[in-house]
Amino acid sequence: MTSIDLWGGMDALTNWLMDDVLGALFNWLGLHGLADFLMSDTLGTVIMLLLIGIFVFIVGFLVDITMIWQERKMLGRLMDRRGTMVGPLGYFQNIADGLKTFLKETIIPENADEGVFNLVPVLYIGTSVLLLGTLPLSTQWYMSNSELGVLLTFAIFCIAPFVILLGGWASNNKYTLIGGMRAAAQIISYEIPLFLAVVSVIILTGSMNYGDIVAWQQANVWLGIPLIIGFIVFFIGIIAEAERVPFDLPEAEAELVEGWGTEYGGFRFGLMMLTDYFRGYAGCAVVVLLFLGGWDGPGFIPEEIWFLLKAFIVFAVMIWVRGALPRVRTDQILSIGWKRLLPLAAINVFIAIALKALGVF
Amino acid sequence: MAKMWINMGPQHPMTHGLWNLRIEVDGETVTNSEPVIGYLHRGWEKMVEDRTYPQIIPMADRLCYGSSYTWSHVYCLAVEDLMELEVPERAKYIRVIADELQRIASHLMWLAAIGPDLGNLTIFLYAMRERELFMDLFQSLCGARMTYNYTRIGGVRNDTTPEWERDLVRTLDFFEKRMVEYEDLVDRNVVFRMRMEGLAPLSAADAINLGVTGPSLRGSGVDFDVRQDDPYEVYENLDWHPCVQPDCDVYARYRVRMDEMRMSVQIIRDALKKMPKGPVRVKPPRYAPEGTGMARMEDPRGESLMYVIGDGTEKPFRLKVRSPFFVTLSAAPVMVNGCKVADVPSIMGMIDVCMGETDR
Amino acid sequence: MTEVTYLTDAFTIDQVKEKITSEFSSDEVKILDKNKPRRIYCTADKDSILKLCTFLKDALNFEHCSCVSGVDRIDCFQVVYHITSYANRITIEIVVDLPHDNPEVDSITPLWGGANWHEREAYDMFGIIFKNHPKLARILLDEDVQFFPMRKDFKSGGL
Amino acid sequence: MDLSLFPNAIAMTIDEFKAWSHEVVDELGRSSGIKRLVDKATAPIWSWAQRNSLHPLHFGIACCALEMAAASAPRFDAERVGVVYRSSPRQTDVLLVNGWVTKKLRPALRRLYEEIPDPKWVVAMGECAISGGPWYDSYNVVQGVDTFIPVDIYIPGCPSRPEAMIDGFLKLQEKIKVEQQGTFLDD
């Protein structure tokens, strides 16, 4: 099984850049002190970390705009039309949409709380991009390999609803306020079943590290098969977490205009649009990591490609759901979360405990 | 959270037209509501007093753009009642066919509109796709996609062709298959049912008292259809029955409209079979007599009525339009109060908004 | 869950006409000699319209107010009521004359909620006052409009 | 270049400093010609992005609104040319006026126009929005939307067909292509 060694590669790249190019250049110029500084290990590590961050972001960003393209194109096909057609296969439509927003005027409503209003997109986008750093793409392509990786991911995931509440309040608009309130109401309804489903995974694998979880699945079986109930609960929960139809209540377009983001225009809107798909990608990635064997697959394709392929397939299912289902109501999402998903998740935990206790795995 | 008033409109994705629903919300629950209309008021009734009788037909088309044919039809019926004209038999059948085609097209527009209201865009595109077929039929019948100017005082403008009738039958066969697709998408979908069932109850007594007509009334279990109870044209001779649902909720209103589309297909088939040969138009007098004329008919949205007063000249003295949605909208607070904010679009979408006829 | 209400013929046209003539004097309500299927035409005095409507609703099963129209006859105003019976399948047309200088008539909104916006519209367009109407305000035009556009002395024209 | 405040830079408030530094950088870029150069080089890209991503406001007024809906339906599919409807005026580029404008609506429409961030375009669709159309003698209809907001493209028809609407948007794209806007220089 092949995999791209991100850290090793970046280390080599940094060494080459610092030692063989810049260091040699300054040595040749006679600036030995500066050359020594550039060739020091500390600076090398910092540069390497930066480069890794940039690489992870670039891959995430490419996946992100591909997902937007995938959604628009596939949704178009589900609706019996062609979808976007700017550029090859319509891929450049998102780029045009994104670039355009940077030319737009920035409007801050007169009565808005300006500080919070400006802070919210930063927090929303920042925390969502941060998610990319917690998700490994393969055994060697990761940014952080924390022992508590799963916990870290969900801790970062859960910030956004509060940011939405803040943004809805700061915009000083009634629609955004209701949208923000809905985000807060929604989070208490699906987070608990979601975490219970994760707990079952942790019980079986005995680890919170993505690498270990995937290694366990490679050794035994994809967790989606024994924990099928948990998988379904988790998938529904992650749709709600990523705020996609049918659980996109905070941005319900039918009744709340554009939901909590009504007052955000220009590049803030463009970046927030992008961020929604970062969260969608992160959700798909977590589903793949926890239940669908991560980068497990036949070895003729690199692990990273397997991982991304699975993530795109999971996202395609999300698009399919979006094409088929209407939006549920606020009280209905609460009753779904507490009356349906929570018992199912509890049953799933029992199944996991039973499997562990009986020594099946 | 304190109670607050929200303006849903004039620019709001829920409106489907141009009006403003002011709602008072307590958290997510609507406690009070008040529709504000008049954003499309153009003085239609005043302007037609300055037009001759035939000139008003295209104006009547633009009363409601969702179902333009039925409005020019009811106008011609009212003027024929005033002039005491008898329309040739074939023209009556053609009018009924066009009427039912318009009803299907209008209901498809409604079906398209409720999709985004409930948060699903697919049904919008499916319904619009089939609506194009009916637009094509109208286009080959009278040359326009939406505002047809087809019916005339004393008949219709032109006869149908055999090719058109063949296309019509083919389209109806195709459409019936597609109806199954919509029902798969909506009726067999748990979330759609969850959003519609038991929502916005409107009891039969309330509906009758508030003057609600059309599918919304039949969705409350009242078997009233102008086509049956005050038959015009040739509905008496055709094999059909009104579609009634007893549940009083949004889902019942949805079912009534879906059934009506099927019923319209049945009516058109029957009318095509029974249609006689003959002329399609008689020449109307230029000057209407003094007196009044009144016609009611079943618009896709309910009972439409036109009341025309002639004063012996070539222009009407007064032409009053009873718009079905105008009255149904006045019943909106009864349905909306007490529901959640998220349900407001689906309730309002389910009574089939058309503001052109409401504001006139 | 309510039952489907299937309608039956309760009264024929002749029975309705007879009941009206026996209840009201010819000063109050006059049935016109104009025969069309399922239609009754009559004129009523402006003071007895509420009484007539109450009688129609309670005794004769007229449960649906189709339409309330204002008419400016230049020498007087008219209010034309179209009231329908689902059970009898009859529509009755009642014409009420109002003096031009004081167009006031009793509101029938307490009987039929459906008349509410029709009466508001007649007020908006003609300035006819409906007494005891729950909210008689402009509906189609802006609140601050000073004219009644459907009156014959108002000349239409573009901006 | 106004550098007179420079010695006192330390005593400036943050707002003053922001304004001053912005002015300095602006002036530097302008006088050295860098801005013009960057503008000339990047303008085609921005213009391409703008004209391929025209988001009209989801705002249906009258008859043409149905044709607007039909234009995004499968047969015509306006998304092919980048036309996607957004409900919030803050996130749109085009105000598509598709119907007659009454006196009651005029202030609301004007306000919607103001709410759209620059650069923005107005498309008048159908006879009513162009000139009042069939309601030429109405007491309540504004005779043409261009009496109170500037209009870029007129789409004739009563109602305009969906093809005409898509063609109108293609015309608007051509217009944007000709009027290439840079990023820095407003003139």
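In this document, chain identifiers A, B, C and D correspond to the written order of the chains, with residue numbering beginning at 1 in each.
Keep in mind that, in the parts below, a residue touches a chain if its C-beta (ideal position, glycine included) is under 8 Å from a C-beta of that chain, and two chains touch if they have at least 3 such contacts.
Small disclaimer: the values here were computed from a predicted structure and weren't measured.
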Query raised in the report: In this assembly, which chains make contact with subunit A and also with subunit B?
Result: D
Report summary line: By C-beta contact count, A-D versus B-C, the higher one is B-C
Query - For subunit B paired with subunit C, centre-to-centre distance based on mean C-alpha positions, whole Å - result: 24
Report summary line: Note: subunit D sits from subunit A at a C-alpha centroid distance in Å of 33
Query raised in the report: Taking each chain's centre as its mean C-alpha position, how far apart are subunit C and subunit D in Å?
Result: 49
**Report entry** For subunit A paired with subunit C, centre-to-centre distance based on mean C-alpha positions, whole Å
**Finding:** 64
Query raised in the report: Which residues does subunit D have that touch at least 2 chains other than itself?
Result: 73-74, 87, 104, 137-141
Query raised in the report: By residue number and range, which residues of subunit B touch two or more other chains?
Result: 12-13, 38, 41, 43, 46-47, 50, 125, 129
Query - Shared-contact residues (touching 2 or more other chains) in subunit C - result: 141-142, 149, 154, 156
Query raised in the report: Which two-chain combinations touch?
Result: A-B, A-D, B-C, B-D, C-D
Report task. Report the residues of subunit A in contact with subunit D in the complex, numbered from low to high. Result -> 72, 76, 79-86, 92-93, 95-100, 102-107, 253, 257-258, 261-266, 269
Query - In the complex, subunit D residues that touch subunit A - result: 45-46, 48-50, 52-53, 55, 73-74, 77, 79-82, 86-88, 90-91, 93, 115, 117-119, 181, 183
Report summary line: So, in the complex, the side of subunit C touching subunit D is made of residues 141-142, 149, 154, 156-159
Requested in this report: Please give the residue numbers of subunit D that touch subunit B in the complex, ascending.
Outcome: 57-63, 65-67, 69-70, 72-75, 87, 89, 99-100, 102, 104-105, 108, 112, 134-135, 137-141, 158-159, 161
Query raised in the report: So in the complex, which bits of subunit C are touching subunit B?
Result: 1-7, 36, 38-39, 63-67, 69-72, 80, 82, 84, 86, 89, 91, 93, 112-118, 121, 125, 138-142, 149-150, 154, 156
